[in-house]
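Below: a set of structures, written as structure tokens.
Each of the next two complexes has subunit A plus one more chain, namely subunit B in the first and subunit C in the second.
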Partner chain A sequence: MSKHKFTRACAALALTLVAGSSLAAEKKLTVGVADALTGGGAVYGLPQANAVKMAAEEINAAGGIKAGPDIYKIDVIAYDDKANPTEATNAVRKLIDRDGVKYILGFCCSGSTSAVASFIGNEKAVMLVGNAAERSITTKKIPNLVRTRPPADYTGQAAGTFIARKGQKRIAVLGALDVGFYAQYVDSVEREIKKVGGEIIAREVFSLKDRDMTPQLTKIRGLNPDAILVVGYVEPAAFVYRQAVELGMNIPRYGFTSGSEEQFLRVTTSEQMEGVWDLRPTELTLLSASKNGVAYHANYTKKYNASPSPSSPYAYDQLYALKAAIEAAGTAENTEAVAKALRNLAVPPQVVMQYQPVDGKMFDVNGQAYTSNGAFQWQKGKWVFVEDLPSDSKAYSQFLSTLK
Partner chain B sequence: MLIEILQQTINGLAIGGVYVLIALGLTTVFGILGIAHFAHGSISMFGGYLTYFLATSQGLPVLAAIPVALVAGILLGMLVEILAYRPVRNANHINAFIVALGLTMMVEGINLQLFGHEQVVIPTGLSRVFRLGGITVPELRLYVIVAAIVLVVAMMIFVERTKTGQAIRAVAENRDAAILMGVNVRTIPLIVFGMSTALGVAAGIMVGALFAIAPGIGEGLVVKGFAVLILGGLGSFPGAILGGTVLGITESIAAGFISSAYKDVIAFVVMILVLLIRPQGLLGRAP
Partner chain C sequence: MNRILALLPWLLALALLAVLPQVLTVKYYLHLSILALIWVIVAQGQNLIQGFTGYVSIVQAGFMGIGAYGSTLMGLNFQWPLWATMIMAPLITALFALATGYPSLRVKGHYFAIVTLAFNLIIVIVLVNYSELTKGEAGISNIPKPWGGNREAFYYLALVLAASLTLLAALIARSRVGEILLAIRQNEDLVAALGIAAWKYKLFAFVISAMYAGLGGALYAHFQGFINPEIFGVAQSLDAILAVILGGSGTIAGPAIGAFLVVFLPELLRFADSFRLILYGLILVLATIFMPIGIVGIAKAAFARIIRREVRHGG
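On to the complex of A and B.
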């Protein structure tokens, strides 16, 4: 090789290296979070937003998202939707139109989530729903929407079976029954207890802002129920548990709330909570947690100086599912390809919740993921995982596919 | 049935006591100075938050934190009068109205900045429950009812039996005549705002101990306070006491015997019905 040819070869090699390194250049992927950061829904929304930020830091520290030749570092923008449909619509429009965001996570609460779900199908964006449990969110077959939390009635069916097995026949319900998914949960419970001759003898209501439940509880007490079932947000539910004890109601208390110990103890004492059941998806409690769950709990507590709410990993898992889908699709730009990849995704190894895949996939054809359900009981200041509640994700998925 | 009615009445008395204190604060300001003090609810919540802060972050016993918060309330009320309402006292009524609205937003914002967005419950440690026949009365509710009665009686004695109270009533009746009689009308609004805010702070503490304090709760409370004012009769102290008690018990009985879904609606329907029969309110003077 002549000296001239050697120089040219060296130059070409250098050029190739430079070009190669610029092709694999680090890019920024901005993901949006629309969630309740203030107000009544913040008990679910704020921990979700925190969980997404924590997952983003972890992914960035581990090298980012590799999409084809590109490596993306994640940047998170979080807006407060106050669990309000109008605010949520504004927040998501701002994320898409102003910030140019293609992937939107969070969504703790059903009303606000349903509002966004109604138009997200027309956008070049992917929506990943967390804690919002209203069934209709995944019955519309929106191709660019998936949800990590199972619908409320999927859990209600398992809860009803559990209550029926406990032998209580006359159940009084007190809850946020004007919220669709809580009513669906109660309907499912009712179907199951009717099979063993049980009945729901009262359906009393509270709103998100109610704190005095004694009128409803006094009425329920007069009906002599075998048990009460409390369905609703953590804060009002905590007041129900506290005031039921104050009114001398010494009967089993079942609930569907997903609140952490910390959240309940802001309102009640541990003694007032003793024996309360929470029948819900097998979310995060240390006794039911996988190795990932234990690590998540420790990291979250260290980072935010507070325990994570049990439902917060739904949002944490969203980002890992998104990462896996982008890597499988080989692109972060083509949202259609990423949405398709999400539908074909196996459960990523980093997730915290214990998902029950349908046909080997994390999300079914409706974009719905399923976790196992569990019975948790308050024992000496802590939620204790007592047992799994039998749940058939495949059968429910087929049922969900029949709905419009 | 009788036990349920009695239980619902006792349930309603505690929240009724809170309504009475809020309404008394509002009616004092409105009756004497003619100001619709919308910020009263938010300032009440400030008092509740302050008690919580003193009891939890500063380690004061709740019984020591309460008088500190009440004194802070009196001073805050005086400050509000000097800074917010005094400059517009002789201006058009709309000016005081706008100031009241602005003040509400400002105090809500201050509460949010100082105490955060989380709901807080004032820890009292009172968890005993008294039982009499089929009726149960939680210790805390009993103390709230007693405290409300004591405060109302103290205020009535202050207004009816003291010289300052007489001066306040004189200004309310006829400001010009009061000036001619040598009443220092510059200090009366200060005293009125101090007294009104202290009552509001007491109500805020009760709400914080019985239920919870959170952003937005003060606004709901002031709406109920004005409803009580209208129900009892504008500017009438006995009317505020009767109106607040009636509203609290009506809410409780309506939720228990009709439907909890329409608790607030039913209470307001009762208010409208009363006004149809007595437009001046239960104890208001006919024009």
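On to the complex of A and C.
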């Protein structure tokens, strides 16, 4: 080959490469977030919205989403739904009708999520639910809805087994029992402890805005329980832990709250929290985190100057699941194809939570993902991951499929 | 001639609202308009007891809840047709209002407000805890929607009902009953001294007000397709009061304008992000301080001032 011919061949090759790359047009994919950015639910919703924005920046920096010949850079619009059903409907209608958004993420709280879930099946959009734990969200077989967080009773069953193994028989419950998924959690705990002769001796209620729980605790103290179980949002639960110590209740304290160290320490001291158990999905804590989890914690803390809440990766993982599904479907325009791809998705390698796939898939036939459950204990100012809780995702998935 | 002039703004507003779905390209605004029309019905009811009779009731959202759950549960449990359950909703609400109104109206002023607030709390507690029937906090999904959820058709239904019930409120206000209600607001003791059984008229206003809310609740349920107790809490009752105050208490146009404000304002303020509710609260505080007679009151005063000036210049 002469020198000229070689140069021309190189030029042709370069031209082909340039032309080829220019065929992969760069487009913008707007994803919406509907979440509680203000009000009581903001302890969960705001970190979720932050997590989605962070994931979007990471994906964009790594080249975006490849869907067939197109490359998408992600743009995030977040609207506050105040964890209120009407506000959530308005926010999602705005995202779909006005902003033309096809993929909606976030959803920390059950009431607002259920309101949107009731009509999302009729829309050409895909809804990815995060922290909202009400079981019925994934019992309706909505084809364009998936959820990253397992339902509360899936975790409650594992928690009940753990408490039963600890040997406490008389458990007093104090919590937001008027909230459906907390009640479902407690019912599952009760079923498990009954198997070993245990019982729930009290079911005292606090509302999510209550701060003085001494009347309920005084009543519980009079019943002389072996342990208390606290289920509810972070702030009221923190007040319960603090006031139990102030009332001299020196018994094991179990909980289901998913609050970060920072969130608890706004209300109570580390000494007052010492020894408290949180029995919940194996969410983010540094000691339980995988390599992804450690990186997520560091990046989030650097970006937002605050630690991420343990449940915030549910939303972070949503965007990586969506990315993988769009790439698998080869399109971002056809939401039906993306929804189908989500149902057939293996767990993407970038996710933070430790998912337990069912039949090799991240989401089961109901659109539900399962994480492992863990027992975390407050030790010297930190949540320490102590052990995995026994959880059978496949059996639960089959049970979920039988519900309407 | 004067009557036609007085009707002109109403006819214009109605015409504007009638063509709205045809000119709105973004259906999100149609969604908000439907919610606002539902709130027009609720606020007109609130105005009957608050604006005309002078009794501030804090149970309007609770009554909405009774209408919403009543209609939904009759449809789901007895398979009654949607239209039948929607007609039944205000009637069921009226029964509850009769039962609660009789004891509530034995007290006046702040005491009445507190009693009705307690009723709203009780309604929410029952809705949350009687979960075998109401499905508790998780709420009821997939409530049937008329015309398969066609929003444009639902808009016209809401518009016809809101317009009809506004007309009914105006007829009540202009009737002898309306005059007695106004007299009760001015001086209840004097009304009693004239030998008029004021309690009957107060109960009438309270029950009719609840029926408006019950119908509004049923419309809400069949429009959104989802209800849970949170939607019918005290905060929403305060929104009904706010709609009446912002628009103009004791006027017919006021609650209609106020209803659109309480629905659209928080949505239009979304640009303010997490400061949205602070800004909303600030606007409400300023509006209440500087416009105690509401938008309609201010507009009327301004109009009267212009007329006076014209007459002075003309003479």
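What we mean here is this: the second predicted complex is superposed on the first by the 381 of 404 C-alpha atoms of A that agree within 3 Å, B and C clash if a C-alpha of one lies under 4 Å from a C-alpha of the other, contacts with A are read in each partner's own complex, and residues count from 1 in each chain.
Quick note on the criterion: a contact is a pair of C-beta atoms (placed from the backbone, for glycine too) under 8 Å apart; a residue touches a chain by one contact, two chains touch by 3 or more.
On a predicted model such as this, the values are computed, not experimentally measured, just so you know.
Colleague: Looking at A:Asp178, would you say it contacts subunit B, subunit C, both, or neither? Reply first, second, both or neither.
Modeller: both
Colleague: Should A:Ala237 be classified as contacting the first partner (subunit B), the second (subunit C), both, or neither?
Modeller: neither
Colleague: Under the stated touch criterion, which partner chain does A:Val189 make contact with: subunit B (first), subunit C (second), both, or neither?
Modeller: neither
Colleague: Let me test your reading of the model: by the given contact rule, A:Ala115 touches which partner, first (subunit B), second (subunit C), both or neither?
Modeller: A:Ala115 sits against subunit C, while subunit B stays out of touch.
Colleague: Taking the superposition as given, does A:Ala49 touch the first partner, subunit B, the second, subunit C, both, or neither?
Modeller: So A:Ala49 meets neither subunit B nor subunit C here.
Colleague: For A:Lys209 in the superposed arrangement: first (subunit B), second (subunit C), both or neither?
Modeller: In the superposition, A:Lys209 touches subunit B alone.
Colleague: Look at A:Thr38 in the shared chain and tell me whether it touches subunit B only, subunit C only, both, or neither; answer first, second, both or neither.
Modeller: It touches subunit B and subunit C both.
Colleague: Once chain A of both complexes is superposed, is A:Ala375 in touch with subunit B (first), subunit C (second), both, or neither?
Modeller: Neither partner.
Colleague: Which residues of subunit A are in contact with subunit B in one complex and with subunit C in the other?
Modeller: In the superposed arrangement, which is not itself an observed complex, subunit A uses residues 37-38, 178 for both subunit B and subunit C.
Colleague: Within the complex, which stretch of subunit A touches subunit B?
Modeller: My answer: residues 37-39, 42, 178, 204-206, 209, 211-212, 214-216, 218-219, 221-222, 235, 239, 245-248, 266-267, 269, 271-272.
Colleague: Any idea which subunit C residues touch subunit A in the complex?
Modeller: 26-29, 31-32, 35, 128-129, 131, 135-139, 141-143, 149, 224-228, 230-231, 266-267, 270, 273-274, 276-277
Colleague: Which positions of subunit B touch subunit A when the two form their complex?
Modeller: The contact residues of subunit B facing subunit A are 1, 3-4, 7-8, 11-12, 15, 117-121, 127, 129, 131, 136, 138, 141, 210-212, 215-217, 220, 251-257, 259-261, 263.
Colleague: Please output the residues of subunit A touching subunit C within their complex, sorted ascending.
Modeller: Counting only subunit A, the residues touching subunit C are 37-38, 79-80, 82, 84-87, 89-90, 93-94, 96-98, 110-111, 114-115, 117-119, 122, 134, 136, 140, 178-181, 183.
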